[in-house]
Amino acid sequence: MRYISFVLLLVLFWIALSGHFEPLLLALGAVSVLLTAFLSHRMNIIDHESYPLHLSLKFPIYYSYLFGEIIKANIDVIKRILSWEKTPISPQMIEIPRSQLTDLGAVIYANSITLTPGTVTIKLSEDSLTVHALSKEVADDLATGTMSKEITKRVFKE
Amino acid sequence: MIIDILSSILLLVGAALGIVGGIGIHRFPDFYTRLHAIGITDTLSALMILLGLALQAGWSIAAFKLAMIFVFLFFTSPTASHALAYAAQHSGLKPKLDQK
Amino acid sequence: MYIAASLAILVTMGLALARALSGPTTYDRIAAVNMHGTKTVLLIAVFAFLSGRTDVLDIALVYALINFIGVVAALKLVEHGNFHTSDNYDGDVKEGEPK
Amino acid sequence: MFDVVVDIVLLTFLATTSVAIMRMTNLFAIVMLFGIFSLLSAGLFVVMDAPDVAFTEAAVGAGISTVLMLTTLALVKRSKAPYYDEAPKIHTAWLPLIVVIVTGSALIYGTWDIPNFGSADAPSQTHVARFYLENSLPDTGVPNTVTAVLASYRGFDTLGEVTVIFTAAVAVMLLIGGKRPKSAPKTEDEEAQDEA
């Protein structure tokens, strides 16, 4: 199932990038798709974590939320860059609890934190995340754990 | 017509955000804070520029390629930022923190 | 407006280049190189539309990936290769120290 | 017209980068700047209508060669000192300067004979190029003319090149690949990876 969808994805990708349908080129494309699939199989990189097929239906909901957050965070950072104050920023290092159970969930959370400007995940350990935040407000906001709850709700809830 | 105006606005705002990020990496005091400025150019600025171009391209292979460029940037930039921050911290580079 | 956008991107590239040249730490440089790469991708994308040859977008696509590979290779080395080389290096992490 | 502006700006960046590379002593920073250098020159190739060259430059110059140089740095790593030396001794290298100036002026003198960029009566436009542009698609069925010439019209030549590169790669791998030195103990997560 996983492999079938992976090969289908590769085929779609190949066709979309090439846009040619002559038999010779299609054959070359098929060879490259199969080679890629074989190599990925040998490298053992198509599994539950690296190719989360079971979550794919939930990603649109998650990304629509994430884009909202990214835009908000961008506006905040832009204001700080362009502000006339001498020190518009107050950098913080905070540790927040890792509330997701699975590794995949924790990585999604850490990734979301890094993607929103103003916060960068520095370290992901067994039970906490170390985050560098551009300002105290952002850090406090993150410490409330709203984002973590939202992600758990949107990605992992049935 | 509306699409043209919209895509111009997106393009110009995106490019302007790029410059803002560029100012940011010179204005902020240390490496970790500069990462946040780079975050702007990697997310919103890239998104707006590529979206503006995609509006011009319409439904075509070009639009698909733009979408792929965005997806790649979107997946790789947080990985790069995180790896960079982790490596910097691991090697003992101390962030300048607010002393308040 | 393509022209205005590409000029703005060029300015950003210049700013990133200045940061890459001035450092002060190696990490600043890598970050600036990464940003410079992203901006090159965008410049090529805008330029493809400016000149009306959208097949050039393939190159932007390749860049987006290559740039990432370059950065990750650099970081892999920084992390595993005893490579604590901020120019004003003052840490004392020993080789082989567990992470 | 605007092409020219972009050309000039990119060339300025390129010159700045190369001067910076020369003045820098940190090898790692130099490798990163080489990456920028490749990206900039590939950008120039795109502006000057040579997407194939830009492709190669992006993949080889910015990608593989950066990785290779970084790997080399890792292989020759020193145990303690960071990858930069003491500040270089200030002396003026007159001989290299003269050599560079002479070579540079010879090259610039050489460009006077080259036809202008994109001029229609340049030899490269008037001789065989037209034949390949018209015939490569029906002959080989490959849409990209450069690929058609490389892999089909001069396929034997390319085969020779590939053989040389392959031999070189095998030789290098025999020389430096081999077994990993046993002195470096594996970290825990590497072992975990091995087991997985």
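Assorted remarks:
We just call them A, B, C and D in the order they show up, numbering each chain from 1.
Here is the rule we use: a residue touches a chain if its C-beta (ideal position, glycine included) is under 8 Å from a C-beta of that chain, and two chains touch if they have at least 3 such contacts.
What you see is a predicted model, and the numbers here were worked out from it, not measured in a lab.
Counting C-beta pairs in contact across C-D and across A-D gives the higher total for C-D.
Among the other chains, A has the CA centre that is most remote from the centre of subunit C. Inter-chain centre distance (subunit C to subunit D, centres taken as mean C-alpha positions): 17 Å.
A straight line joining the Cα centres of subunit B and subunit D is 27 Å long. Each chain gets a centre from the mean of its Cα atoms; for subunit A and subunit C, those two points are 20 Å apart. Once the centre of each chain is set as its mean CA position, subunit A and subunit D turn out to be 32 Å apart. Contacts with at least two other chains are made by residues 17 of subunit A.
Residues of subunit B found to touch two or more other chains are 21, 23, 35, 61, 65, 68, 77, 79, 81, 86.
Along subunit C, residues 6-7, 14, 30, 58, 61, 67, 83-85, 89, 99 each make contact with two or more other chains.
Chains that are in contact with each other form these pairs: A-B, A-D, B-C, C-D. On subunit C, the positions that touch subunit B within their shared complex are 1-2, 4-9, 11-12, 14-16, 18-19, 25, 27-28, 30-32, 34-35, 38-39, 41-42, 45-46, 48-49, 54, 57-58, 60-61, 64-65, 67-68, 71-72, 75, 78-79, 83-86, 89-93, 99.
Looking at the complex, you find that subunit D touches subunit A at residues 141-143, 196. Touching subunit D in their complex are the following residues of subunit A: 20, 22, 24-25, 44. Subunit D contributes residues 2-3, 5-6, 9-10, 13, 16-17, 20, 26, 28-29, 31-33, 35-36, 39-40, 42-43, 46-47, 51, 54-55, 58-59, 62-63, 66-67, 70-71, 73-74, 77, 79, 82-84, 184-185, 187-188 to its touches with subunit C in the complex. Across the complex, subunit B is touched by residues 13, 16-17, 19, 70-71, 74, 77-78, 81-82, 89-93, 110-111, 114-123, 130, 132, 134, 136 of subunit A.
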